Amino acid sequence: MIVIDMLNPYDHQDAEALTASVERIVGPLADLVGRAHRREDVDLVYVNDNHGDFAAGREDIEALGRKGRRPDLVEPVLPPPGCAFLPKVRHSVFFGTALDYLLRRQGVETLVLTGQVTEQCVLYSALDGYVRHYALRVPRDCVAHIHTDLGDAALRMMERNMGADITTAARCLPSEDDR
Amino acid sequence: MIVIDMLNPYDHQDAEALTASVERIVGPLADLVGRAHRREDVDLVYVNDNHGDFAAGREDIEALGRKGRRPDLVEPVLPPPGCAFLPKVRHSVFFGTALDYLLRRQGVETLVLTGQVTEQCVLYSALDGYVRHYALRVPRDCVAHIHTDLGDAALRMMERNMGADITTAARCLPSEDDR
Amino acid sequence: MIVIDMLNPYDHQDAEALTASVERIVGPLADLVGRAHRREDVDLVYVNDNHGDFAAGREDIEALGRKGRRPDLVEPVLPPPGCAFLPKVRHSVFFGTALDYLLRRQGVETLVLTGQVTEQCVLYSALDGYVRHYALRVPRDCVAHIHTDLGDAALRMMERNMGADITTAARCLPSEDDR
Amino acid sequence: MIVIDMLNPYDHQDAEALTASVERIVGPLADLVGRAHRREDVDLVYVNDNHGDFAAGREDIEALGRKGRRPDLVEPVLPPPGCAFLPKVRHSVFFGTALDYLLRRQGVETLVLTGQVTEQCVLYSALDGYVRHYALRVPRDCVAHIHTDLGDAALRMMERNMGADITTAARCLPSEDDR
């Protein structure tokens, strides 16, 4: 399970439209992160923009979010201790990161994509996962958009053209009974 | 200028919706290809799916299209002799190809994206160009879609989120007088 | 099994030192190519420099070698019909090609590297295979060098630092009885 | 200027042969790092193995080295505050990292490679830089080897086949007067 760009100072253009959507996902996502972290059969990976600072590690990127304009949207979804954390430099979680390597070493075949922005980083990451033949699962209540219409179109593209399972937080992790 | 996946046998699912759209672009695109080919300041590059055949080169891929169900949509836009031709294996023109290398060696800074499918390979290629900091130009009358709504959304995504110039065949090449 | 850069016009600097070495491998390599091609459990892939011509496909690259200074070193090792063929643009067979994608789709886990130049393209390709966790096998009588000392050092590097099995043409394919 | 893998606990196989070599470079390298850090026209980038821990950032990787068997070889070459730091997962500094992206954004054209191990990570990184058309400079007194013969061969390969300037710490940065 991948958590994308949730450590955000929300000081950019379009931040207002985005935070309105993030407000709705932060609860379900925080809960899902907790469940994923406790599961031994789920790899939880945070991939977050480094906001152009190549000296920044997890602490710095966390601090940026916590000292930003909406710490209430950041604190509940901070990465749990020991959780894999990869800084990224562009929109896709695969571009310029070791994510593909990590996933292959772990034998991961299915990606659960969460975070922001549905019609940007989430869509682009879905695509990069799809061309690499990962199965995709996107819990609709754990991804936030800026533009409602583009966010909806992005989910339809993932579903129709990338075979993604558009689902919910409640159903996106395989049942523990199935293990 | 990149021509994407126009060498197509049109025997796949969704081919009918696609060919209806391709019928409308094949004229303007053929004309644009001709102009780009004659221009010394424009690099014309065909990037086309190899349809899973790793032994296939340009001739084989051309033959596939010419012997397919709609040769009338293939013949007018065959690559001119001597034109760069890169087989690809997945949707994005950058994935598993030397395109980025070629563009950098040529000093290309702007991509003109044409071909099919607007909401799939064209969108994914636009994204991969955008994360690599190429400027994007998409002539609306030279890209074909399967689903009208998704094609429209894809163009809006490119315009709004990737800074793409959504334009027309008539205006997408820099004026020769400007050189 | 990968055949690297054997379609060569041999008109470059250092060609003389190289051809002296190629003369010794062309026999064993031609035989090995034949055996690999007949085996259903071996994927034979030619990866060859496009010599800077992005319009060149297999036929053009073959023609370059056949019309070069040493067609006698090219003809015996031409790719069999239907064999996978990937043009490359730089030294490593992985750089700017779909090779990694092809190998993963085929479920390949071991690379047999043959061709030229031991201390350049073969070494660099070995490295790129090694970081991607492929097992390596290099038949010493099927790789050609320019500098004897660097060629030897390259083989020692592959053996010591990349876990490569430095072997011979006779032993580099798994026994057909083992299948 | 790139500093490779100097944050090392030195608890692996071959560590003894390596530390004997590192002892000789740590002085010149520490001095060179200081000079590079003070220069505004030099980008100093640390790229260091994450030792398989994808949760590890700079502090964790530093701590691993400082608590290892040879903190005296680590402390003098710790990254200066604010210095770019990229964890890597395999031998080459380019594999699975944002280094190429960072270098291009900064307009870097020449790489000064330092650190360890000459015949492994340094050689492999040199190669990956070379295929991407960066000019290479390697100060011989700032790279450490495990095997003397392979280290020497690696330097000869870089010089002869990758056009690298094999130089010294004293001469590897452009004169400040030339700016």
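In order of appearance the chains are A, B, C and D, and numbering begins at 1 in each one.
As a working rule, contacts are C-beta pairs under 8 Å (C-beta built on N, C-alpha and C of every residue); 3 or more make two chains touch, one makes a residue touch a chain.
Fair warning: this is a prediction, and the values are worked out from it, not measured in the lab.
Shared contact partners of chain A and chain C comprise B, D.
Farthest chain from chain C (centres taken as the mean of C-alpha atoms): A.
Per-chain Cα centroids separate chain B from chain D by 41 Å. Between the CA-based centres of chain A and chain B the separation comes to 31 Å, rounded to the whole angstrom. Across the assembly, chain C contributes residues 90, 95 that each touch 2 or more other chains. The part of chain C that touches chain D in the complex is made up of residues 90-92, 95, 119-120, 123-124, 127, 130-131, 147, 149-150, 153-154, 156-157, 160-161. Interface of chain A with chain D (complex): residues 45, 54-55, 57-59, 82-90, 95-98, 100-102.
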